[in-house]
């Protein structure tokens, strides 16, 4: 059962990623592209969690954590660039 | 009696050592300087004289010093008759020239320099004639070119001097280079570069298929040096040199180096038809052409220069005949020419010096004003014309006699006739030298009033003229022995030296008569002939040479600047083409076994990742001109690559990649703030297509290579099996990648953190420089509205600041965690460093760099230095245990309540890594921040812009 | 355990760290320590050379891990002589940089200098292919910093090009190493030699690709045509002392080619036989031509010197391409010569540029310079050395190379190229020299000379003295180098020493 | 999967090369970053593609992926990070100093006076 | 004195918890290590957080967190409904300005964060004087109700916690 | 068995929400509206996956893992900030003050008050306090 659920979740997040990349390709505004990237990072973290379940290993936890951190930082950087030009002064 | 051989290196060295003196002694006055210049020459001459008895006995003195034995280049000297003749001439005339130059040079001329160059030249010439090693000879040979370059260009302010010097250098240099090849071939055939060996190898050399190339190459050197046709054109232009130089180099010595070498090589190279045809023909043609041109030169020195060309041709002709008798005559004429021509040059110099012109058209009638000079010049010129009984007559007569019996081309008398024509011209210009300079009516329009110079200046030519006469009258007494021993050296046998004044009514006699009468007639007809000459178009060597060198220079400039035009794009394109092409070349010629690995099945999620990666990359290429968009897309690419690392079992790589990537993008964003936001569309369709083709080809090559690798196993087992097996046992860690990094290959990591440290130092220095220069001034006048998006308010948003206050400590905690566990789980110093840097970065984004930096105590330089130092000292620490650099150790501590704590020296090393990373990233950010502040970004007082508590004045309002 | 082998790496690294850590604001102290460091390095290098001259091969197993699993340093005659050359050059040029005050025209000069030396020595000493990459990067990144020292628009731009081109090179290096590792499963050079020899010809394609890519990497460093494009503007725009130090940088490429294609892909290895020989030879001939033509065509002194560097690399690589003990020995001699000669040329170029005010390096008549005679003499020496005229080592080197190549198939091409390009160089130097030193423009305002420091001239004459010494002691030097080449062409000893047979 | 990986590396290389051939520093640097990704992946896969066998030693686990290329790639990533930082700053410095972000460096325009 | 050593006790506590979560193994050793780091890191970051907010009531905090979590779950369902089933034409986005009674940055941040994570609202900006919060509603036919709901449900509780 | 069901439900829910979030990003018509989708739905989606993972390791593998909590905590901390910044970007790039409700004071929303204006206002305020 977990297997099916897992496959379903994989498919959902995989499809989500594809939708994200579509938004990256055609963003209505500049902010949307950043938002899409941010969503992509979050989906990727979810995929990593699913992958961990699939393989029965916690080895990928650090990656999730670091990706979450860097995803946040990069989103803030991108938006700050659009807001101020200078992101740390 | 080889003991006299020890003098040889001293003789050769004395001028060189002496060359140091004039520069020092010039402070002590011109006379002192002259004395100190003459001293080594005299000393060398004296030593040479000590060798004379042995040489006259037919001995060959030698002396050997090893220089570069493996090549066969050794300082081997020898002195035989030929060497003696030339060395005597070089040193003897050299001495006279020094005396003459003392009086010739004016006070404005830097005499010390002149004498230095002169002695250098003298040393080189002596070296040539004493060398027993042809490679050593080459060394000296080229040295004469160099020193003569300096001497010809001595009057730097004269363009003719500079040009003449360059021309001489290029032409004789060219010959010298050819000769290098010739000598190497010769040495190769003979099996040695020692002359004494080579001279015994006549049969082997002449039988070798390489004989002709060697001959041509060597003769190229000889002919250029001795100004033989068609290389004769440089010599007259070298006359821009001061007259002592012309007299010394261009009559007596350097130009005879080519003759010397032909004579030196005569025993092994001469006697073949090739030798005869090349050498004799060149000599003959040169003799005639030189003489003819000399007749029509109005510049005294040019006249003498071309006459020199002619006489050198004559001697070349004699050597080219290949008979022993002719070789004897050649030796004799070398002596004679040296005496009369040096004397003539000096008289020309005297005229120039006194009358301030060398233009024959402005001279004439000087015999009353300068009787001594007139006498000297007349005797020498008559000798040059071959008028009996002077020495020039003797050798010319003997030459005519030789050619009269030689069959060249066409009818049997052809060579005789051509030689007679040469002699005729020779008579004509010699007479002209006397008649148009000294005879005729005295004029009133000399540039200055000429008179005979002081004794010092005419002594040297007078002495030479005395020799002219003495040898003329008593050839056997004054030159016989010298001719004999030198000819003996050339011909290798006991030559028959018999010099007569009267040979009877032999062909030579009639030829002489024709020459003298014809010469006189020609002089009488000089004016109309001169008009004819001037009316005849003829190639001007200097114009041609200049045209060639200018064209060469321009072509070189065009080629060089055209190819190296600073276009990085094209250079990169060349790179991108060359690499796959040569890679393919390497690949195609090798074999390839069938695949050995079963491919992994394609899974859904990685396939999605693959699609996203490809889409993002393609989009990046399409939208690359929108720079911000490009960075967002680059972020996606980086994310996908990191996920790929995770998927394919490389958690450490994923962590590193993603952290590095975000820091990189932030750096790029920071830089982009100052750069144009758009890349202009500059390359046209064709270029884009070309680049596209190159790029796709490169990509295809990489794909092919990667695929070929992925479907095959290692040919031999990877060394990493050892790492897996020993990681825990030997390195104390279960994260094999980390153990490799800090232990097995810790030295790589050591280098790697140094790269980072250096990067930071470079960035810091760069920023400093840029801010101090025009870049800083430009930044100061920066208009923030250049930002196309404009600038929103709320520099330091409240929410971000507050969130950071919680997240930064958490992030630091994560950093500590990643650092501590790196040895056993994914992580380690580098990633921890980046995480800590990112934590700080968060703080900087929240409240600004300057505000944050003001609140912390460590300097980034120190952090980097400390990091490198800790890493290095950890490595060095192993020395104390007698182990190599970076040998690690580990163990376990047991302190309750911390149950078991593993320590490893690798952790100290990792700490170094950590500190370097943090310092490097921070220093880079600091640099960018300092740029931003230069644009007028103010340093905020408060951590956040909006803070109602501040206005409220409440407890938490005082945050600063 | 002989720790001295690693001293040329660790000493500059620690010194640089200390310079960064505690002496950033003390220029005088920095100078003292930097010079002392270079002197110590020279002493160590001398010691190592003496040690290596015994013919034994010293192996230093870093981290106490045996080869091929850990990284080893290898001290043989070749690495010793290269380190020694580096040390000599670094000391003299450093004195020049200090004497002229170049070191104070930007930040962090001495630390970068030491790091640069660390990188170079590390590259010469390592016995591990990937570690070679790392040290290439160390020396490159330090060179980026030194190259842009003191800044300026053109220099920075040239710096950008230099860095970008080398980043392409570094990328290629990794591709090459990856390919070699993927085939052989090892990174240690001696082990690579053993394993490459076991690869069957039928399965050699990937190994050959790796060998070729690696060669191209080294060709970039060695400025082999057509991968030399990074050099002209870099050298021309770099600060002169840096350009002078860079004289050793191109030699690293030549060194690596010599090392890898004698040790691993040697002339006797079937699978890579004839792989690079012709490419290298014809590339070298073109390099030589491009360099010497560049000397003639240069319109500024800096570029002239840069093209001289290219030309000398062409000459050197011709000798390398021989791949015989004799030609390798000649190549090594020429490498030493052209390092000293190239450095001297750049030092002279700098002396001239600094004395001609705004005219700087433009090849147009200018004012009479301060110390005109001395500078002229130095120029003459540098020109003779570079053009390969006697009596200096350039001539000896050229003779050695001509002599060593006489059995090669393309001997006529080689000799013709070497000799003809010498002529072009002679013409170029003569023209440039007569404009700069003879054709003094009386209208040009003399640059305010003031008292001139002695140290720059001392350093310059020091380099010249080195060249003279190299010429005079050509016999003993060649004795060492021939032994070096013999050692290089009999890699069995190297392999046995590293892999510790038994 | 091998083909996907190989083609991904190839596409990254091609895109990187294309951008490296542009005329301004910024796209060139972005191109270099792509090349860096490509080569890091290449170096990484010289250990061949292996799923779920990270080289972290675990009791009872016998097979691991090849750790060595990973260590090499880590080193390469760090180095290229330093290099990228330098080249970014250098490009910026060059732009600020010369107000042009053109990657080409034309020869200085002084004509050589005909030597006479 | 204690303030110097322990600038942010709650933060220290949080960090110790975080450390346990990181090492994933509650042992004495880990607690000690976590406590050490939890003490040192806030000291190190204290300059960036010059004044510590006063938190008054722990039960209130717990209550608040639970309410927020519940609301987050509900929010998700609502947003999903809007996205999936509501036509764009029928959706009524709206801006609302919420006048703030909270004054400390920390309190405002928590409020804004909660708003973002809960039903159909995103905190978009604060006023320049920090006294109102700009919120965007995904689907709010009656914006005033939303504003009042936020003030009553969250702000009032936060005011008790922070001030 | 119950655990399996629980895990599966978590997984399915997380998948649905994850997809919905990404879908909302496509479907919704206005930039500000699109912002709602990922900040909530996706966060819950990933939260669900992480909880499923936690449950899985606890019940199926038998090791308890806080790690997922850690990541969830991090995401919940950062999501509002991300949303805030994206919203500010939209305000800055696609809106004007006229599109928004008044602030209730004479000062604008923070994004629309330039640095210079803020400095002026604050200087005045300080002068008032001092006077």
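When the chains are written out, they are named A, B, C, D, E and F in that same order, and each has its own residue count from 1.
Definition applied: contacts are C-beta pairs under 8 Å (C-beta built on N, C-alpha and C of every residue); 3 or more make two chains touch, one makes a residue touch a chain.
Here's who's who by UniProt: A = K+/H+ antiporter subunit F; B = Monovalent cation/H+ antiporter subunit A; C = Monovalent cation/H+ antiporter subunit D; D = Na+/H+ antiporter subunit C; E = Na+/H+ antiporter subunit E; F = Na+/H+ antiporter subunit G.
These numbers were taken from a predicted model, which means no experiment stands behind them.
> Chains in contact with chain B and with chain C: which ones?
Touching chain B and chain C alike, sorted by label: D.
> Please report the minimal path length, in steps, between chain E (Na+/H+ antiporter subunit E) and chain F (Na+/H+ antiporter subunit G) on the chain touch graph.
Minimal hop count between chain E (Na+/H+ antiporter subunit E) and chain F (Na+/H+ antiporter subunit G): 1.
> Name the chain whose C-alpha centroid is farthest from the C-alpha centroid of chain E (Na+/H+ antiporter subunit E).
Relative to chain E (Na+/H+ antiporter subunit E), the chain with the farthest C-alpha centre is B.
> From the centre of chain F (Na+/H+ antiporter subunit G), which other chain's Cα mean sits the farthest off?
Most remote chain from chain F (Na+/H+ antiporter subunit G), centroid-wise, comes out as B.
> Which chain pair is joined by more contacting C-beta pairs, A-B or C-D?
Answer to which pair has more contacts is A-B.
> Taking each chain's centre as the mean of its C-alpha atoms, which one lies nearest the mean of all protein C-alpha atoms here?
Taking the mean of all protein C-alpha atoms as reference, the closest chain is C.
> In angstrom, rounded to a whole number, how far apart do the mean CA points of chain D (Na+/H+ antiporter subunit C) and chain E (Na+/H+ antiporter subunit E) lie?
Their C-alpha centroids are separated by 41 Å.
> Find the geometric centre of each of chain C and chain F (Na+/H+ antiporter subunit G) from their Cα atoms only, then give the gap between the two centres in Å, rounded to an integer.
57
> In whole angstrom, what separates the CA-based centres of chain A (K+/H+ antiporter subunit F) and chain E (Na+/H+ antiporter subunit E)?
22
> Roughly how far is chain B from chain D (Na+/H+ antiporter subunit C), going centre to centre by Cα mean, in whole Å?
Taking the average C-alpha coordinate of chain B and of chain D (Na+/H+ antiporter subunit C), the gap between them is 36 Å.
> What positions in chain E (Na+/H+ antiporter subunit E) touch 2 or more of the other chains?
18, 22, 24, 112-113, 123, 125-131, in rising order.
> Enumerate the residues of chain A (K+/H+ antiporter subunit F) that touch no fewer than two other chains.
Those would be 10-11, 17, 20, 30, 34, 58-59, 65, 69, 76, 80, 82-83.
> Listing for chain D (Na+/H+ antiporter subunit C): what residues touch at least two other chains?
20, 25, 28-29, 38, 40, 42, 46, 52, 54, 56, 68, 72, 75, 79, 82-83, 86, 90-91, 93, 97, 103, 105, 107, 112, 115
> Can you identify all of the chain pairs that touch?
Taking the chains two at a time, the touching pairs are A-B, A-D, A-F, B-C, B-D, B-E, B-F, C-D, E-F.
> Which residues, counting only chain B, touch chain A (K+/H+ antiporter subunit F) once they are in their complex?
604-605, 608-609, 611-612, 615-616, 619, 628-629, 631-633, 635-636, 639, 642-643, 646-647, 651, 654-655, 658-659, 661-662, 665-666, 669-670, 672-673, 784, 787, 789, 791-792, 795, 800, 811, 814, 818, 825-827, 831, 835, 838, 841-842, 844-845, 848-850, 925, 928-929, 932-933, 937
> Touching residues of chain E (Na+/H+ antiporter subunit E) toward chain B in the complex: what are they?
Chain E (Na+/H+ antiporter subunit E) residues touching chain B: 11, 14-15, 18-19, 22-23, 27-29, 32-33, 37-38, 41-42, 44-45, 47-51, 53-54, 100, 103-106, 108-109, 112-113, 123, 125-131.
> Would you mind writing out the residues of chain B in touch with chain C in their complex?
Per the touch definition, chain B meets chain C at residues 66-73, 113, 135, 138-143, 145-146, 149-150, 153, 156-157, 159, 162, 165-166, 169-170, 173-174, 177-178, 180-181, 184, 188, 549, 552-553, 555-561, 563-564, 566, 568, 571-572, 574-575, 578-579, 582-583, 585-593, 702, 705, 708-709, 712, 714-720, 722-723, 726, 730, 743-748, 750-752, 754-755, 757-759, 761-762, 764-766, 768-770, 772-774, 861-862, 864-866, 868-869, 872-873, 875-876, 878-879, 882-888.
> What part of chain C is in contact with chain D (Na+/H+ antiporter subunit C) in the complex they form?
Contact set of chain C toward chain D (Na+/H+ antiporter subunit C): 130, 134, 137, 141, 144-145, 148, 151-154, 156-161, 163-164, 167-168, 170-171, 174-175, 177-179, 181-182, 187, 233, 237, 299-300, 362-365, 431, 434-435, 439.
> Chain A (K+/H+ antiporter subunit F) touches which residues of chain D (Na+/H+ antiporter subunit C) in the complex?
It is residues 52, 54, 56 of chain D (Na+/H+ antiporter subunit C) that touch chain A (K+/H+ antiporter subunit F).
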